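What follows is a structure written as structure tokens; I'll ask about it next.
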Amino acid sequence: MKIDAIVDSILDSYKANGGLRYHESENFPNRQVLIGVVEDLRSLLFPAFSCSAFAESNNIRYITGERIHRVVRLLTREIQKAMRYVFSTAGRDVSGCFDLAEQTVYSLLREIPNIRGTLNKDIESALRGDPAATSIEEIILSYPGIEAIIVYRIAHFLHVNGTPLIPRILTEYVHGKTGIDIHPAAEIGESFFIDHGTGVVIGETCVIGKNVTVYQGVTLGALSVKKNLLGKKRHPTIEDDVTIYAGATILGGDTVVGRGSTIGGNAWVVSSVPPDTSVSL
Amino acid sequence: MKIDAIVDSILDSYKANGGLRYHESENFPNRQVLIGVVEDLRSLLFPAFSCSAFAESNNIRYITGERIHRVVRLLTREIQKAMRYVFSTAGRDVSGCFDLAEQTVYSLLREIPNIRGTLNKDIESALRGDPAATSIEEIILSYPGIEAIIVYRIAHFLHVNGTPLIPRILTEYVHGKTGIDIHPAAEIGESFFIDHGTGVVIGETCVIGKNVTVYQGVTLGALSVKKNLLGKKRHPTIEDDVTIYAGATILGGDTVVGRGSTIGGNAWVVSSVPPDTSVSL
Amino acid sequence: MKIDAIVDSILDSYKANGGLRYHESENFPNRQVLIGVVEDLRSLLFPAFSCSAFAESNNIRYITGERIHRVVRLLTREIQKAMRYVFSTAGRDVSGCFDLAEQTVYSLLREIPNIRGTLNKDIESALRGDPAATSIEEIILSYPGIEAIIVYRIAHFLHVNGTPLIPRILTEYVHGKTGIDIHPAAEIGESFFIDHGTGVVIGETCVIGKNVTVYQGVTLGALSVKKNLLGKKRHPTIEDDVTIYAGATILGGDTVVGRGSTIGGNAWVVSSVPPDTSVSL
Amino acid sequence: MKIDAIVDSILDSYKANGGLRYHESENFPNRQVLIGVVEDLRSLLFPAFSCSAFAESNNIRYITGERIHRVVRLLTREIQKAMRYVFSTAGRDVSGCFDLAEQTVYSLLREIPNIRGTLNKDIESALRGDPAATSIEEIILSYPGIEAIIVYRIAHFLHVNGTPLIPRILTEYVHGKTGIDIHPAAEIGESFFIDHGTGVVIGETCVIGKNVTVYQGVTLGALSVKKNLLGKKRHPTIEDDVTIYAGATILGGDTVVGRGSTIGGNAWVVSSVPPDTSVSL
Amino acid sequence: MKIDAIVDSILDSYKANGGLRYHESENFPNRQVLIGVVEDLRSLLFPAFSCSAFAESNNIRYITGERIHRVVRLLTREIQKAMRYVFSTAGRDVSGCFDLAEQTVYSLLREIPNIRGTLNKDIESALRGDPAATSIEEIILSYPGIEAIIVYRIAHFLHVNGTPLIPRILTEYVHGKTGIDIHPAAEIGESFFIDHGTGVVIGETCVIGKNVTVYQGVTLGALSVKKNLLGKKRHPTIEDDVTIYAGATILGGDTVVGRGSTIGGNAWVVSSVPPDTSVSL
Amino acid sequence: MKIDAIVDSILDSYKANGGLRYHESENFPNRQVLIGVVEDLRSLLFPAFSCSAFAESNNIRYITGERIHRVVRLLTREIQKAMRYVFSTAGRDVSGCFDLAEQTVYSLLREIPNIRGTLNKDIESALRGDPAATSIEEIILSYPGIEAIIVYRIAHFLHVNGTPLIPRILTEYVHGKTGIDIHPAAEIGESFFIDHGTGVVIGETCVIGKNVTVYQGVTLGALSVKKNLLGKKRHPTIEDDVTIYAGATILGGDTVVGRGSTIGGNAWVVSSVPPDTSVSL
């Protein structure tokens, strides 16, 4: 039968290209589950804006506890799978993965109040920075920049605490939704605001200070993408109080944009900019 | 227990940062419900392209009536919530919100035939403008520019009729899907065509004439984002019959691109352009 | 009643603008069904990364066969509808559409092993090209460029084999998810890598060689979009081993970027570039 | 592999026992679809008690039309499948099945007002007969007897109009829910009331007059179940105004319970009972 | 069109038979919502046996609180609707219905520990009474008698506290699942056990003592069902420690089965039975 | 707050009545999962009648393999949980439970062809025995007796192979749907037919021969239910070719109904009946 022949040829191709590892799906982090976890974490951060359940004073303790419990159960397992896969590929012992994963999840949950504090500053920064913004609620409800920063701050925490694979899955999920691509390893200070946001790229070794504003289409990238640069600082440093207008490109690991500077729209910056400087196209 | 301590710390943070208003979720517009309403409105506009139900001559009256009824019920409640929230924050009386919301929804529904007329001109403009387009059906089925314009025209009507918060939620929803960010307050004439579209930003006080075409990555933005500009015209005016190629940036509330002009790819325009002029990088 | 009057006015507008064709939804390809088919095809290509079902050695044959069977059933019907619509509009006989559609689906399924081979080279190219990439698994799980290329390679095969409408629906689906807009008619060689990707546009008549790398915001477009150019080559040719950095724009059907060249970030290229050349802003 | 061997043995058993007919599921009526149709028909009969959608004056016309349209589409196809299967087994021509099926569905829908009238009399009979019943609404909401009679009256209409297989599937569906087993071929007059109902069996050739009341565990059955009795009257006739108490058994095609009689609990009746007679255990 | 004519005839029949009340569905209790509430209440009573969510020491407080909150929200609204409907039909003031409904729900929730205590005795009685029962867990997991008693004890509490319509909907729901029909107004003491259960009917004014066991097909019914008996005691009294075997029928409001008696299978009892007596067929 | 106090009182009641075991739900078999397994097993037995997926010659091998795989995965885990719970309660070692469970599932799957053979004989027996039955397909689609026997034959196999708890959950599931209560430990020969079925009870130690027919309301029960009878034969033996009419009761472990006998409706049998005898009320 026609289908049988196709099955055989595809199974042959699994053997030739990818082998068994290509079909043991239980060993890999599950993207759907992780998206559910992100939604639970968002609901913990901003309970009034959750679509999945009605929150009010009467049930806020219970709904919070149940969300935390669900995150512990689900995220621990996904992190464990990611760790097992990466550790075993590297020849490392995997026996401690569950404990390590659970520890990471608890650390993340304990960090939630701090992340809320930081996000509140990010939101206030949006409110100050955008004449069109009329309230904190409007910003949480409809600014893609805030959505991207929420997920980045969660993913960054996981990355810093040694979780492999998953931080990248999380930031790519929100990249797909917002067009904003922030590598989880980038370091970003408080009161960060991204307006519009589509096309923003913030690379792996970026360091961004406090009170920085970034518009759509801004790239904070590398001058060169040679593989041997792995682990080296390849992306720029942006100091406090910098504004970078739409379409600007800032490249290079030694490039520093000094405190208080403004980078104009579509500007091309491949070397450092002193503090309090205006750079235009 | 570990979870209990985390619950307490998160509840404390709700009190400190955001307070009760952060968890009375029933008072806020619900994004999921609004997305459902958008899908119903799209189905009213183009019934043949609805995925949710099969439409044919036999049932078109009934399916239309039921969609209208569902929009009345659901959208009225969401607009009422948005109005109550904004009015009460502003110290205004909220007792008339339901009637006002319902009136707005009926106005929108009465406008549907006109919106259809305008959208048909937008689609014809796409058919004329894109050599790759082969039929009206292909454009409705697969052009993200059309998807963004559909939602913009709905959101703009709601904005003009005094609905707070919700127009922005709608345009951000379609921004997430298409990468096209049109502020609901912008004014856009008929026969408008956006090709490819990713990264297009059209600001709050833009005024766009008839028969304008815009490519991906075009910004129609503000020269400055000082908060005290709130309510002033900060974004450009584009007159009839203008084409703006990919990546062009046009900034400023006094900037007028004259009728029949062409703005070249990646062009940077911060002052007015006379009619019938070609501007290039 | 108020609703009745609205129903009547909308039904009138269906008659005036669009007529019956606007509400015979069973005759059009169904986007939801096609998205399901894309997920089945992705699961066939990379079974370990499917979220919808657990795959392991024990069931890989069965799950593969069932996926193939489902694709045959569902995609055949959608292609048949697209063909019937386009053929009947063109006055062509539609009696052979089912057979033609089924034949196309079987061809696509027989091509899956080859597509897997090509995609593996694309993935290896990403692994070589991005210092931040740590494993093949990370790339499949989280690189939007790969997601876009997977769907492009499927859509391109269908386009080349004469399927109307549907290839475009598929590439627009993934455009919405990734911000990467590749026309299904473009020709792209093996070992193709798109990094970050938001805002990439690759036009209908592009020809791209082997081992090409493209960054976010790159446009491979047309110099002019006059409708009479339909069918002519309007987009550039990119030879083997070319790298095109973020925001570069390359336009024109006669523009050839020679083998081994590098196009710098934000560069504007409207005429041919010799081999082994570096072009910068 | 273990699973492969099991697959082979089960496939062998399909060939040996049942053959192809056992796995061409598309040719058989689909129980799930039919249950959905029953719910739509119930909603047509008693719109206020539908759980699936909110009905009010504003949308009653539209929701009614859409329900009718869905019944036409779905039930026609199921009846067509049932007819094709039975006709082709009997060597009859199947080309007219679709038209015949559609005609049957339209007849059923035209009968809905009459069925509503009859059911209203059944409900009033329950209100009169049960001291515990407090309102018409309580009876529709919570009496299993009414649920069984609703489905019987639909199934009986289909049976009388020549629909094979499906009437039985419908009555068995409600038998599973209520424990009341009424053969769709039985003839039952108006103002029929079944109280409690579990264990009631009403056989294929029963004839029941008006204003009859039946309690739980009543059997109206056959004296003998010889296969050669197929098509003969094997079950009793119950005349108007008869009450049959719990657990009574009345058997035989020639057995007539005369008008106005009462059959006591657990009574065993195998010959006719004159009018206005009380029979007890 | 054919459908239009059918719509008209059905709408006419709504006007003729039932009037407006037949299509204002929002005013009636919603069976689906009530079934969800029953599942929440069952999960509160026996959290280990809930299918809807995983319960463990870590989350038992939170999952319990969230279940209680959901019951308060949903059941209050359903009881309010039932009260409004019944009160307004009776010409009573409906303004206090919400408070009354909420009060009832809180009373029910406060009663949960007592209901658990009573149910534990019922389960122990099953364990003692059925040689085939091997553990408490098996009984909770698989005995329909226990399922019926759980819902009866909830429905009885609501009935006694003045909730109209809903108790009957609850007991009919479990009647449909188990074939056991207990009127919510019946009074049943602790340590009650129903084995097998199909066909059991326990009437509105039954009074059942402690430690009673009942088998399948037992009817505790009325001698006569004259409507003027409404409110009178029409069903028997069963004293402590009585066993009633399968198929027995006990009828009449003055019939008392004395403490410690045994009623044999299929027995027919219409007058009182002294204590410690064995009655057989 | 009111909810908090209720939570505390319910948590206290968990401690007092039931303790921890009452809320560690992951350790108990999950009824929902088991119902899904039953549906998969039914689809394996009669693929044409499955509602969940379309089966045809092209995919029958794949759909069969995938169903088997799913049963192996899901049922193994449920049986393991049941075994762990029962073994640990009994102080037995639980380390081998997974292997034992998996072995049991494979045995069941290998038995499927034999079970199909037996069920085919049961169905033919229904076709012969019921004048109203018109085809094998009608019987599979709509006879509750067949539904009950299917699940009994699966549950019986599991019981005989040492699976605790789960066989009873399965037979109670189908008891709820059909009103037919067959204990999984009963032994029932081939060509068994139950007509109508509501109220049928077949006890734990029944032994039923070949070619037996049973009508609704038949009890094959115990004379006494003293707990010390656990493990003894308490229910009757029915030899080959016996017919038992509606409502008959046959009790006692020593009661044997001889080959070829007929037990009349409502008959009460507590001692043995010789072969070829007719017993009537």
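Brief remarks on what is shown
In order of appearance the chains are A, B, C, D, E and F, and numbering begins at 1 in each one.
Simple rule for what comes next: a residue touches a chain if its C-beta (ideal position, glycine included) is under 8 Å from a C-beta of that chain, and two chains touch if they have at least 3 such contacts.
On a predicted model such as this, the values are computed, not experimentally measured, just so you know.
Using the contact threshold fixed earlier, the set of chains in contact with both chain A and chain D is B, C, E, F. Superposing the C-alpha atoms of chain B onto those of chain C requires a rotation of 120 degrees, given to the nearest 5. Averaging Cα coordinates per chain places chain C and chain E 59 Å apart.
Taking the mean of the C-alpha atoms as each chain's centre, chain B and chain E sit 53 Å apart.
Residue numbers of chain A whose C-beta contacts span two or more other chains: 3-4, 7, 54, 58-59, 61-62, 64-65, 68-69, 72, 179, 198-199, 217, 247, 266. Interchain contacts (touch definition given at top) occur between A-B, A-C, A-E, A-F, B-C, B-D, B-E, C-D, C-F, D-E, D-F, E-F. For chain B in complex with chain C, the touching residues are 44, 46-51, 53-57, 60-61, 64-65, 68-69, 72, 106, 109-110, 112-113, 116-117, 120, 128-132, 134-135, 137-138, 141-144, 177-179, 195-196, 198-199, 215-217, 246-247, 265-266, 281. Interface residues of chain B, counted against chain A in their complex, comprise 2-4, 6-7, 9-14, 17-18, 20-32, 85-86, 89, 164-165, 168-169, 171-172, 175-176, 179, 181, 183, 185, 198-199, 201, 203-204, 217, 219, 221-222, 225-232, 234, 247, 249, 251, 266, 268. Partner chain A is touched in their complex by these residues of chain F: 1, 3-4, 7, 57-59, 61-62.
Contact residues on chain D toward chain B in their complex (touch as defined above): 54, 58-59, 61-66, 68-69, 72-73.
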